[in-house]
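Labels A, B, C and D are assigned to the chains in the order they are written; within every chain, residues are numbered from 1.
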Amino acid sequence: MSKIIWLIPLMPFVGSITLMLFGKNLRRSHIGYLGVSSVGISALLTALLAIEFMQNQEVLETLVWTWMQVGSFAPGISFYFDGLTLVMMSVITGVGFLIHLFSTEFMEEDPSYARYFAYLNMFVASMLILVMADNLLLLYLGWEGVGVCSYLLVGFWYQHSANGHAARKAFIVTRIGDTAMALGLLLLFSHLGTLDIQVLMGKASQVWEVGENIPLIACLLLVCGAVGKSAQLPLHTWLPDAMAGPTPVSALIHAATMVTAGVYLIARTHGLFLLAPDAMIVVAIIGVVTSLMAAFTALMQTDIKRILAYSTISQIGYMFLALGVGAWSAGIFHLMTHAFFKALLFLGSGAIIHCLHHEHNIFKMGGLRTRMPVTFWSFMIGSAALAALPMTSGFFSKDQILLQAYQLPDLGPGLWMAGLLGALLTAIYSFRLVFVVFFGEANTEPDKDTEWRMAIPLSILCFLALVGGYFTIPVVDVFPVTGGSHPAHWVEYVSISVPIVGLVIAYFVFLNRRINIETLTTSSFGRGLGNLWLSGWGIDWLYDRLFVRPYYRLANLLKSEPVDVIYNAIVELNQLLNLWLSKSQTGRLRWYLVSMVAGLIILISLASNLGPGVLQW
Amino acid sequence: MVMINLILILLVGGLLAMLSERLDENMPRKVAMAAVLFDLIYLISSMLSLPEIAQLQAPITNDPSTWLMHFKANWIPAFGISIEFAMDGISLLMVLLTLILGAVAISASWTDIVKRKGFFEANLLWSLAGVLGVFLALDLLLFFLFWEVMLIPMYFMIAIWGHENRGYAAMKFFIFTQASGLLMLVSILVLSAINQETTGVWTFSYFDLLNTNISEQASYWIMLGFFIAFVVKLPGFPFHTWLPDAHTQAPTAGSVILAGVLLKTGAYGLIRFAVPLFPQAALDFSYPAMLLGAAGVVYGAVLAFGQADFKRLIAYSSVSHMGFVLLGIYAWNELALQGAVMQMVAHGFSTAALFMIAGSIQERLHTRDMSQMSGLWHQMPRMGAVAMFFVVASLGLPGLGNFVAEFLILLGLFQVNVWITVIAATGLITGAAYSLLLMQKSFQGEINKKWAESKLSDFGQREMMTMAVMIIALIFLGIYPQPVLNIAEPVLHSLLDLTALALPSIAEAKL
Amino acid sequence: MRKDPLIPGVYCHDLIQFNNRSGVLSMLEIVFFYIASLVALIATVMAMTRANAIHALIYLIVSLLAVAVIFFLIGAPFAAALEIVIYAGAIMVLFVFVIMMLNLGEKGDKQERQWLSPSVWVGPALLSIVLLAELLFIISDVNGPVSTSSVSPKAVGLSLFGPYVLAVEISAMLLLAGLVGSFHLGRRYLERDYGDERGKE
Amino acid sequence: MDGLDIPLNHILFISSLLFAIGMLGLMIRRNIIFILMSLEVMLNSAALAFVAAGAHWGQPDGQVVFMLILTVAAAEVAVGLGLVLQVQKRFKTLDMDHANRMQG
């Protein structure tokens, strides 16, 4: 099995290339088969691998070929497989397969069917390379690869400029983080002489003491990369806009897999972060602030996908919090459960959008409970898991995170309380969504319900979102053991009860309407705050003023090539000289003669001043 | 002899192409293509027959017998001028690149030249011959001769077959390169004269001049002469302003050759002459040179972002990319140099392809203004897909050649100067900005009504074949660059040894 | 003594020795020299200031003859002869021919007088005086007499076809060029003239 | 004592004077015929200086150069007078200020 591990990313890659080259000539159904089956085979192989791994717990390292070798710099196209990789691969191929299947129906009428699956397959391949890479450079390859695929898929409907804008924003904002990450790679290589992750972590702990500056800088640079990819503050602005892409893409890339790459990166290089506790604190604070910021924003959104996008940002904030407090496996666990329930929610919203003629505004929906039962139930389960209601998958993972955050000395209780506030908000906005969309009066009529290709993935994901919490992820050997003692029981009870409180609030505000928030929302303060939240705390506006516009202005200012001014000045000087000298060219012989004589006089007097000998014989 | 034949085939091929126009109007392009392909096959076959190619022993820079090939014959013995050619790994790579891109250029101009086709192909081939000469000549005066030989046909190509503002562009190109070339000539003469003063023998041979004993100050000035000549060609900031005009106005084949090959002669000159001949001076100058490189990276990227002209945007992206080469060369360690060589090759392919796409668009739309494009993907999906590939290549997507190059350069540079690395790295971000803007404005977005009715033909077989060559090359360079690195490695090692020998302080520091 | 004409330097020197004249100039000859100089100067000034071309030309010939006298006095009889034959003879005759062909007449004289106003010549005169002063300053420290020995035509001829043979060839080319040029210019003048007349008819 | 001799600088003095006069003529005359005459004067003055210097050293070289000057003068006059005819033909005047087509 270990011999063919490279087949797993290769399959979707081959699928993608085939679709790119021959997609035009294939029948629609064949395109669908090809696109789904390539990921399906990968999923199957991953499952086989997982079974094998469960039996022998064997860590695999495979060198396919040496990518390049310059002196001691010799990164390979090589894969590393352990429990963490397995979790990620399972999520990618499993959820990926379901979403591919869902897409065959969702994209059925799109003229660029083949292009869609080619991109999607390419994404899965890149993502697999990202998580399977055993060195940071190959990881970076996957990292950028998913970035480009995300760009392509967000801008999939290229004929609307807005989509193109969103796609470029997604790429460029993440590229900022990526560049910082690349610098981190350079720093790590120049100090440790390798980019191989396992070797790197081993060497780092020998070379550096805990709390030294260089590992701190390196970690912070890696965090920049992670922050960009995972849409955390301050580089989160691309994700809500990225919802311009087809909804299954949002489910796969912008909820389940790519955006969690940052979490994976930090978890993968935890050995470095343990050397830089300050960096971990930064990660925790970024996580918690982001999760709160995004949760408040999600409260005010009206676009169903934007709500989900902000909730994704918020949930990844929890994962960052987990990583920051050293709860590695809890973070990864939440990554997995989040992949299940968020993919479920996105696919559910996709089903709604698909059946409601591309309607995105939740206030134009309503009463869909009876008309789209499958979707309703998937939304119910997904939202329950998102809000971390007891016994759902989200409950287990989020609970773990909060409990471990609480145990952190000094900052712990503060982080815990912020996390709780976030959980409360999560429950409110997720059930706001459910109540507004599925209950109340119907505003639009769906023209169809989901077919089996949509229904089956939804059902499977429902199941996973419900029971995912009972899985144990095989990462015990990957991470150092953290957290020993159990916190006081009241902490646990509070953690459990907060989401329920949120649900109750949402019920009274949005469904029962017992609590009237009208006066609050119409007051000037409330409206101002609401607008601020609606615009995502105005961060987009701020960036636009701070970076985007000045850059445009700079480019506009420079576009006529200021350097040319120097060369044009030389040209003009020459022309001036020419004009001046050509005036002396009168055409009158005597004038020339007189000037010649004058010149002669000057020359002779100069020469005789040069001293004896010049004119002596 | 092989090297002379390589050049002669192109020169004669050009002549034949010009004459063949009398037989048939479409004959020249076929003759030219045949000549370039024949040259390529000839090169490869003679390379395969070389015993050294198998192990590629490290050439000792000042011992020509260790090079892959060496040829020397008297030319003007009174002044020690000889016809001396030699080839090592870097020359080989550059010659290969030149010939492949030469074929690409001929293919690119297959249909868009309508007047004086014979003379056009002749100029193309002569320019290529000049470039080959530059990459192979190791007598400094011969080198200068070829430097001019490649310049003049290119001037004609821009001036005769260029676009609306061709006269200005051609003249600007000519004056910049000519003035800087003369500066180099002066430097060559002074260097040789100094050598003659100390040894009593006139010589222009690279191998002899390597051992010249020059005072520090003199070597600094001479080095600057070489540096400016090469940096103008590269082009490095702030000597780059000829490039946007020349690239924009040149016919497609001209742009392809200009961007793909001619710019590389500058980088080649820096690696071959400017640094090894004056190691100490180059070291003293490395900081300003790197600053210029970083400035080029950033400046080119910002200006590219501001352009509305398709070709001009690509031209500025070249400025940005070649800034990386300058950085790589003056970082002068193995990683960075490998990156610079890699960048020369990869940039050759990616930019040549983009210029070819630009040419195809102009041929169909008769405009290069991107505000008049938009949504072209819809009508020309193949061209759009190909363009997307090269755009992401040029923004440095890992897995394609440019990334390997840029990463190696940054990695090498990081050991030398962290802050310049940081500045250069921002080029990755701004690079993404202008590349994607290019894509957005031309191929994506709403379908422009202007072209909705007119039938725009997508890439045909010939074009797709040409593109396939470059796509495969870039992927190959991106995921398995080792063959290229292996060819360049011994040369770079020997160059590094040479400079380390001249600079004991560096050698000690490295130990 | 003159067996080796291939070594011209030695040869000429010997010749000079051989042709050494008695050596000393008489008082009369000295006086002649200054008179000739004066004549040359006055004649030249007159030549430069005449309005009538023919008059000027005759003054010029006088000046040339005076210079020929000086040549003779300083021991260059061959040069003196050439000065008279070629300069005063051939070249000046050419001038005469051309002036006759142009047929300037009274009108030309009047025009010339008009052009010779002081405003025209004051500036150039000043320049000339400055230049003259400079020249005089430069030659002021030249000392010594001119040699009393005469250099024979033979010595000149041997020198011409010895070390200066290249110069002779160049002069030959120059003369050829002059010949072709003047022929070309003159012929076109005549042809045009002819053509114009025919056109008038 | 073998009598008197002519000092070299006297001859050079005369030569310089002739040269200056010739130059003055060159500068003040507008008629091309007079310009050519002035040139002759200047050439002649140079020739005088050469011959005098040759005599000073007792060498034939001065006279050789005199002959070269003579050749130059002859060729120059031949071509120059040909030009005079052309100028007269074209401009109907001998005034060189009229022949100013070479203006820059």
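The working rule: contacts are C-beta pairs under 8 Å (C-beta built on N, C-alpha and C of every residue); 3 or more make two chains touch, one makes a residue touch a chain.
Treat the numbers as computed from the prediction; the structure is a model and nothing was measured.
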A-C compared against A-B, more contacting pairs: A-B
For chain B paired with chain C, centre-to-centre distance based on mean C-alpha positions, whole Å: 65
Distance from chain C to chain A - Cα centre to Cα centre, in angstrom: 98
Chain A and chain B: spacing of chain centres that average the CA atoms, whole Å: 37
Rounded Å distance between chain A and chain D, as computed from the means of their C-alpha atoms: 92
Where chain D touches two or more other chains, by residue: 23, 27-28, 30
Contacts with two or more other chains, residues of chain A listed in rising order: 594, 597
Touch relationships between chains, expressed as pairs: A-B, A-C, A-D, C-D
Residues on chain A engaged by chain D in the complex (per definition of touch): 581-590, 593-594, 597
Residues of chain D touching chain C in the complex: 2-14, 16-25, 27-31, 33-34, 36-38, 40-41, 44, 47-48, 51-52, 54-64, 66-68, 70-79, 81-86, 88-89, 94
In the complex with chain C, residue positions of chain A that touch it: 594, 597-598, 600-601, 604-605, 608, 615
Parts of chain B lying in touch with chain A, wherever the complex brings them together: 237-238, 240-241, 244, 299, 302-303, 305-307, 334-335, 338, 375, 377-378, 385, 388, 392, 397-399, 403-404, 407-408, 410-411, 414-415, 421-422, 425-426, 428-429, 432-433, 436-437, 440, 443-447, 479-482, 485, 489
Touch list for chain C against partner chain D, complex: 12, 16, 23-27, 30, 33, 37, 40-41, 44-45, 47-48, 53, 56-57, 60, 63-64, 67, 70-71, 73-76, 78-79, 82, 86-87, 90-91, 94-95, 98-99, 101-102, 104, 108, 112, 115-116, 120-121, 124-125, 127-129, 131-132, 135-136, 139-140, 142-149, 151, 155-156, 158-160, 164, 167, 171, 174-175, 177-179, 181-182, 184-186, 188-189, 192-193
